[in-house]
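The next part holds the structures, each set out as structure tokens.
Consider the two complexes below, in which chain A is the common component and chain B and chain C are the respective partners.
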Partner chain A sequence: MATHDTILNSKSLEVIPDGLSLALTIPWYRSLWVSSISSIAVTLDGQELAQDKMSFRINGKRFTLDEVPNQWEELWFMQDRAYLDMHLGAAGAVGSDHTITFHIELRLPYMQIKPGFYLPNIVHQTVTLKVQG
Partner chain B sequence: MTELKQGHLQGTTLYSYTRMFHEGKATMEDLIREVARRGQGPGLEVIGFQSIRNWPNPGAEFIKSFRAIMDETGLIPTSMAVNADIGLRRDRNLTHDEMIDYMAAQINMASTLGFPVARVQISMTPDVMEALLPVAEKANVKLGLEIHSHHSPRHPEMVAHRERYEKLNSGFLGFVPDFGTTCIGMPPSLIEKYRKTGVPEEMITELEALWQVHHSEGAPHDGPTQGKRMGQVAGIAAKYGFGETAIDYAINHCGLFGHADPEEWRDIMHLVWHTHGKFFGMHDGVEPTTPLPAIMKVYADTGYTGSISSEYEGFHWNNWSNPFDQVDAHQKYIREIMEGYGYQVRTKA
Partner chain C sequence: MTDVATKAKFKLGVTLYSFSAEWAAGQYDLESMLARVGELGIGPGVEIMASQTVRTYPYTDDAFIKQWLGLCDKYGFEPSAYGTNLDMGRNRAKEMSLDEEFDFVLTQIEAGAKMRFPVIKIQSAGSELLTKLLPHAERLNVKLGYEIHAPEGPNTPKIMAIRETYDKIGSPLLGFVPDFSSTMSNMGRTMLQAFRDKGLDEAAIVKVQEVWAKDTPVFERIGEFVAYLEGRGLDPNMLGPFGRMAFNMNGHINPLEWNDIMHQIVHVHAKFFDMNPDGQVDAIDYPLHTKILVEGGYDGYISSEWEGHAFADLGVMDPFIVVKQQQDLMKKYM
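Up next is the complex of A and B:
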């Protein structure tokens, strides 16, 4: 449910110098601290990307996926994009199509169900996107 | 005809229009202006962490422009929804003192923006609420703990809050009922969405039957019951091949469409400052999921004169209907019901 279908749209796949980037809208109804992200996993054209081949960019800063859960002073605003950069060794080709399975798990920091356990929000989507020019 | 008594203050929350905001189709100002143009106020509720950049420190320019648009449109701030992010750090929960500071900043900004109530949520213990009382009194902002499914007025945690608030008798600690606590079924628009997205008919039947079983047992009063129910829903989803998102079905079914009897609201009406008129979608002028005639009867009997936000939540799955139209229909329905009970809903400041 909850706002899942807004995380990616048809314009979300962009080129970066060493690969591709996904422009993401927060999959929740309010802004959350970046530390609310538990994990991200991506399969690109059938190939699961290693965690160290991706980085997370937000508010002009870049974090490794290991660092993301510790960013509790960085807010992901509802109307801002965060970027998942996929470092593939060469720039992606504008106009090409890619099939992406995107999986993100959040823990909602204000919904503690029992001590130390927070309500999760999980988005799991497979989409085919065209690289934008 | 007998003269109608003054009823509650009509209003809405920008949460109802989340999808438009989220998709970047409207700014906060666009939404506020459309609320005013449609007469969906005068009450206006805002979620700080949704609508306002850099909440709770939005800056002088924002404060000035927010006050100006309230003056210009005649809308009245009712409730600022604030969040208790006790788990924002991964290494530990916020300490008691950190929580007080985290909440105080939001309560103070609610006051600066002219909101008389701050809506708070679970994660707040009676002790934290009591510790926030001086902050609330100084800011002149009442704190309303939202009672949202799966909780209900007679859930032991909520009873503990009520007992503390009654003991303190401060006039500043109370509740915000959410009508999703007292549902009578699953929303037809959600079932429609399931069909649109290829959920098998057998799975829908099983999910609806399970909801009815839970309903006959009533609202859960402890964690294990809620956990067991979520597991049952997730089990059905997994059985039909939706394992990746099974938890999502569980959260939806057990977290949004609560099983409490509307009569339970009577227990707390003396401590209600504001209300979330949660609804999931209007059908032929009626809301089939939240039984408004029964709920509003409690409000009429107790002479509630606070504010009610029409809070449309069908947007989570419904990407085909206009949320402003939904709120229009919901408010019309409530005005009719209240007239039947002898009350004129207040639609002017």
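Up next is the complex of A and C:
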């Protein structure tokens, strides 16, 4: 995966008290405002997760996926991980394997094509990850 | 042969953008990255991008400025250019007004000047914005450079419009930053390998290079290649963003056109993707590019900019080593 399409790595899947979390690397070559994320969709072991079963965590704050495109003052610094928390009702099991399809669409806020329209970057990845201890 | 009259007046350097993938992966912090650059003897110029390196972007605090200047002193680096961005669309509900754009860029210019960068790379060269920024560039004694990157070149309509704006304003502080991506001889091997990795067969590899070499506008060439793939029953989405990038990031304008703006060049990006086994840069004529800048009397910094990370996975190449090789090559022609 290169700078334009890296989002997950082999250590990305972690346990949270009510499910699993994905540690995300920004799929671009610079830091971006959280509002640069247009949408996120995740399929976990063949099941597409409802949007309200996920939240986005960064800089010690948590946002619903609805709120993400409005966070224009929150910076996703290039060296920081953001977390996509998947609320599954129970903590995930360390060491178990899960197949994840991650789809994210970005709107690059400095690459204006014409007023109101910006260059997108779309990353779509399917990976099998082991839950880290 | 040493000809004093044509000795290079410019200095070499590197943009830390070359190490984007290692930076994103957290393999280095600013000090350890600069230490590695210093150990290899790369430099003396160092360029950074505010939106990549500065955690408090677009603002820069005194602690960061102090750290930056201290590291430059410690390793003997010279600040060369500070890359700024204009995130006019950060608020989806309302695009920036001219005053907001001005504030967003000026805070980066002020920081760049405090960090002793002689050149600030600007992303927008609109006439109104430039007119507002210019008195501050004069006050801070910095030059403002607009990057000319593929698919643009010195004489494409978009750049001609900026040249006209510059002529109207008439300030020696306004200039350009040529990027060698505009003036490549052929498509880079790294990009073609990325296409193969995505599943393109050799017939499609031949076709993409044939379409790339045409003189038609970029959007037409992208359309032509997409039509070719669809005609063969292939989904253009299989290439992800690489299909578009092939045409946007590799230009084939004649390098001699850089002479048309030589007097306005304030900084240079010596773009490259890979080195060849013979020691030359793949797909870009470095003897020619270096000669043009030597003979043109260019006297700023040339930043090595390795952009293979856009196509190659982290760890496939060591960008610090290839930057060192590329600088050693340029030195032969200086």
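Keep this in mind: the second predicted complex is superposed on the first by the 129 of 133 C-alpha atoms of A that agree within 3 Å, B and C clash if a C-alpha of one lies under 4 Å from a C-alpha of the other, contacts with A are read in each partner's own complex, and residues count from 1 in each chain.
One rule holds for everything that comes next: a contact is a pair of C-beta atoms (placed from the backbone, for glycine too) under 8 Å apart; a residue touches a chain by one contact, two chains touch by 3 or more.
Everything numeric in this text was worked out from a predicted model, so none of it was measured.
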Chain C versus chain B on the shared chain A, clash or fit after superposition: clash
Chain B versus chain C as contact partner of A:Ile122, first or second or both or neither: both
Contacts of A:Thr25 with chain B and chain C, given as first, second, both or neither: both
First, second, both or neither for A:Pro69, with chain B first and chain C second: both
Chain B versus chain C as contact partner of A:Ile113, first or second or both or neither: first
Chain C-contacting residues of chain A that also contact chain B: 1-6, 25, 29-33, 35-36, 69-70, 72, 75, 77-79, 107, 109-110, 112, 116, 118, 121-122, 124
List of chain C residues in touch with chain A within their complex: 17, 20-21, 23-26, 49, 51-52, 55, 57, 85-93, 95, 123, 194, 240-241, 245, 309-314
Chain A-facing residues of chain B, complex: 15, 18-19, 21-24, 47, 49-51, 53-55, 83-90, 93, 121-123, 223, 244-245, 247-248, 251-252, 255, 316-317, 319
Touching residues (chain side chain A, partner chain B) in the complex: 1-6, 25, 29-33, 35-36, 69-70, 72, 75, 77-79, 103, 107-114, 116, 118-122, 124
Touching residues on chain A, where the partner in the complex is chain C: 1-6, 9, 25-26, 29-33, 35-36, 69-70, 72, 75, 77-79, 107, 109-110, 112, 115-116, 118, 121-124
